[in-house]
């Protein structure tokens, strides 16, 4: 591992208003599993985009196997043996696996040969995949396999993986790690991007930590404690949310054997889902993305209407009640997608406050809008949740992801919900904002509200929820008390390893 | 290398400046076009934009501004509601025809009775006719998901055939010596939409003014208008806010159809005077340009409608005095829309010049 | 009324002629839409092609130069659409409408001095053997070159999409432009080529109306064929051979209603004349239930952020 494969020297990239990477240097050795560690917004993505030829650095140099390396485009990077598995897959839903893989190759063989090679590689590395299946029908884990195999078919010297485990169950993570270790043993270097410390300790030989675009330290993960790495990554000691002992009240919200068809072609329909949540309780719902989370939220927000009795609020059937009326009786929701679903990108924060606040905050009388009151409400949210923005007249899309998330959550929390449903409340949000959001949720519960928190962040769910259930292919597991749950049990609730029955790993 | 950079939020300045710059650019390139056609460009531009307002015969042309502007504004206001929400009614021309047919039909049914209630009944019939014609694409879209652009457009051709059939058959003037076309409504006191013909004032002008105010209040002060804007910006967020997409489609298409139908009725009972085969002159399509030129804003549409009316009148003057072909003005209007759409880029993006970096 | 006047052999032969403009325009638009772009300017490009082709054919005396000019004219107009949607990132629906309005104006401006003239005839082919087959010969194998070119383009597009890498890349761009960009494909360049191809095809289709089908020049003579072609792409679920089928169906309806008009059927002329449009609507309604085949990025604006 002594010979250096890729060496980065003084890489700098600035965007208007923000320096994404500031003089970053480090080396990656041949066959090394190298972690790139950092919070959301620390500049990890920009850095790997420079290595992959998607972004050009403002200054600094890269050296690959001793030669100057400056890929003008991904094609050039691929030609030099660099492959990348994206966090958001660059896949084509309507095309099949083999076609998707052919698109990622420079000179793909004829389809039939390619299909045979896909089978071969997928068996070698324990990642079963049918080359003729339509990608839109695959689970998130299977889709990731498509990306990985696409990379492996090119015999890469360096494989970049951007947050690969966020879409996997714990069992699937184990399988992925086996594959990666095998690759590393064969001499392929892996640049592994993550903010999950335990994973990095389990997998990586070496770690580089980024904070606010700067390289703030390197370490050998196996010899460093998770706490030390966290402090390097965040810069300060974190305040963890406090959870007071709770008194559970009556059942606030109930779903009774609910079936709901997904409105989108490649969505997941809900199948006989039942749950209940009590006043003063947080019900955490885990599961890999795309297993019905969006649909569950839509069923609760009233965007998808169902049989009247299948959703009940305080015992009242509301399955046929629309979103506005549900807000009126105290059921509030915050969807995952901030821009375009929870908030309208080109509208001001005042208008976005109006979006869900009109009923409970009295922003409307007989159809006519009270803009002044709405602005006051928006200012209240900005103030209470420390949303960084020049003012309520700024457009939603001018806010950073974390700030907009604080606004969206704040908007619902401040409306004094009786039941609050949130989907991915802290996704893509920096650690301190995430902590603030979780604290706000817990404060709400302490005052007697019921909360359903849908998330893919298992640590988050373990931290704040009283009971835990998981969504898997549109079915919800039996909720169980969080205390005492093991990772294996959680993994099995999430469906174990998807599509791995045929594998021999 | 030119790089486009998305602005964090739309530029207010450019949003207002774009239409003005587009008009100026069109004047320059339109002038070039006129020069190519062998016309004095400056002269032509002056004839089109200046003479109708301040020339020797302005007293005659100024009222024309109201006559031509009213239907354009009325239709464009309706279209803008849908366009804002991403609902594309491009068949206003057809709804305009049908409104004229149903409205005139009701009036002619009463002929030769004179009564105060005839004209109000015609207005209602015209509005209903346009509304019903626009509800065809509306209902089909809501019920079957059919593309409203294609259906509303196809219905223009159907309406044109109906118009021909009516002027040759059912609504033909029995005392018209066999010529196609209906009785002249201007000669039928109870079915006349003129208020003051010399001033260019007819009920359509009143309706257009009311429509502008109505749309302004709706979009800025009312929940329904908020929902329209919300749907245009983020359809998923609109559903989340509680908007029923189907109802919104029906409202937007219905309203735009109704306003187009009204425009047709006021036209047939006023400036046109009768139902005839060549009754429709493309107001329904030009209104699309008006809606965009006015940035889908009621006040903007009012100004844009008057400007477009000006090009119609000026074009006619240029045609008779300078021999500028009628089609040239159509090209001119199309060009205006091009520049507007292209320059709109500046509202949402910043253009930067960058030297190609070497990594 | 005398239905026996309708000669089935002539009916089929003229059906192929009537279908060709729709076919050409629709197969061009199919390529554009498979690349993820919705160009509603088909009508404008067709009418521009119709006048460009007509004018050049009259001036040079060669219909072939006319068709060439039509293709160039259609592509030139579509280049305006390229500027608006691919470089100025304008809304595709509005830009397409602008193209149609502009094309209609431009064509009547260009066509002023060509009203009432007869264009040089476009010769029919005589294919040895095939043309001599009784019935089938005169019906199917004795048309002009452009008609067969239309069918050849359909076959070509089908083969391109199904068998070639270029076709796969084009489908990928239409399906998910962000992913295609991330893989390093030139989204804008591919789309520009598709749009220009669509413009050229629409231009050819327009010229086929003014040089073969009618043949003469009148203002607004495409009379909504471009819009029917757009509907046809939906009808065909974005599949080339179904475009051919659909075009022949519409061609058949058009020819049949013309024949019925000539035969003096008791239905008024206007109602027969509106039938192709009404049938288009009916077909759209029947087929709009299934939208899943539409390219994923259709009509969406692409702006590379990095």
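Details
Each chain carries a letter (A, B and C) given by its place in the written order, and its residues are counted from 1.
The definition used in the following text is that a contact is a pair of C-beta atoms (placed from the backbone, for glycine too) under 8 Å apart; a residue touches a chain by one contact, two chains touch by 3 or more.
This is a predicted model, so every value here is computed, not measured.
With A-C and B-C as the two chain pairs, more C-beta contacts join B-C. When every chain is reduced to the mean of its CA atoms, the largest separation from chain B belongs to A.
If each chain is reduced to the centroid of its CA atoms, chain A and chain B end up 47 Å from each other.
Centroids of chain A and chain C (each the mean of its C-alpha atoms) stand 45 Å apart. Chain centres here are Cα means. That of chain B falls 28 Å from that of chain C. The touching residues of chain A, counted against chain B in their complex, run 16, 50, 56-58, 70-72, 301-303, 322-325, 327, 333, 335, 337, 339-347, 351, 354-356, 358, 364, 367-369, 394-395, 397-398. By the touch rule above, chain A contacts chain C in their complex via residues 49, 53-55, 73-75, 78, 86, 89-95, 99, 102-104, 108, 265. Only residues 165, 168-169, 171-172, 175-176, 178-180, 182-185, 292, 295-296, 306 of chain C touch chain A when the two sit together in their complex.
The touching residues of chain B, counted against chain A in their complex, run 5, 8-10, 221-224, 226, 229-230, 233-234, 236-242, 244, 357-359.
Interface of chain C with chain B (complex): residues 40, 80, 83-84, 88-91, 93-95, 97-98, 101-106, 108-109, 112, 219, 223-224, 227-228, 230-231, 234, 268, 270-271, 273-274, 277-278, 280-281, 284-285, 288-289, 291, 303, 305.
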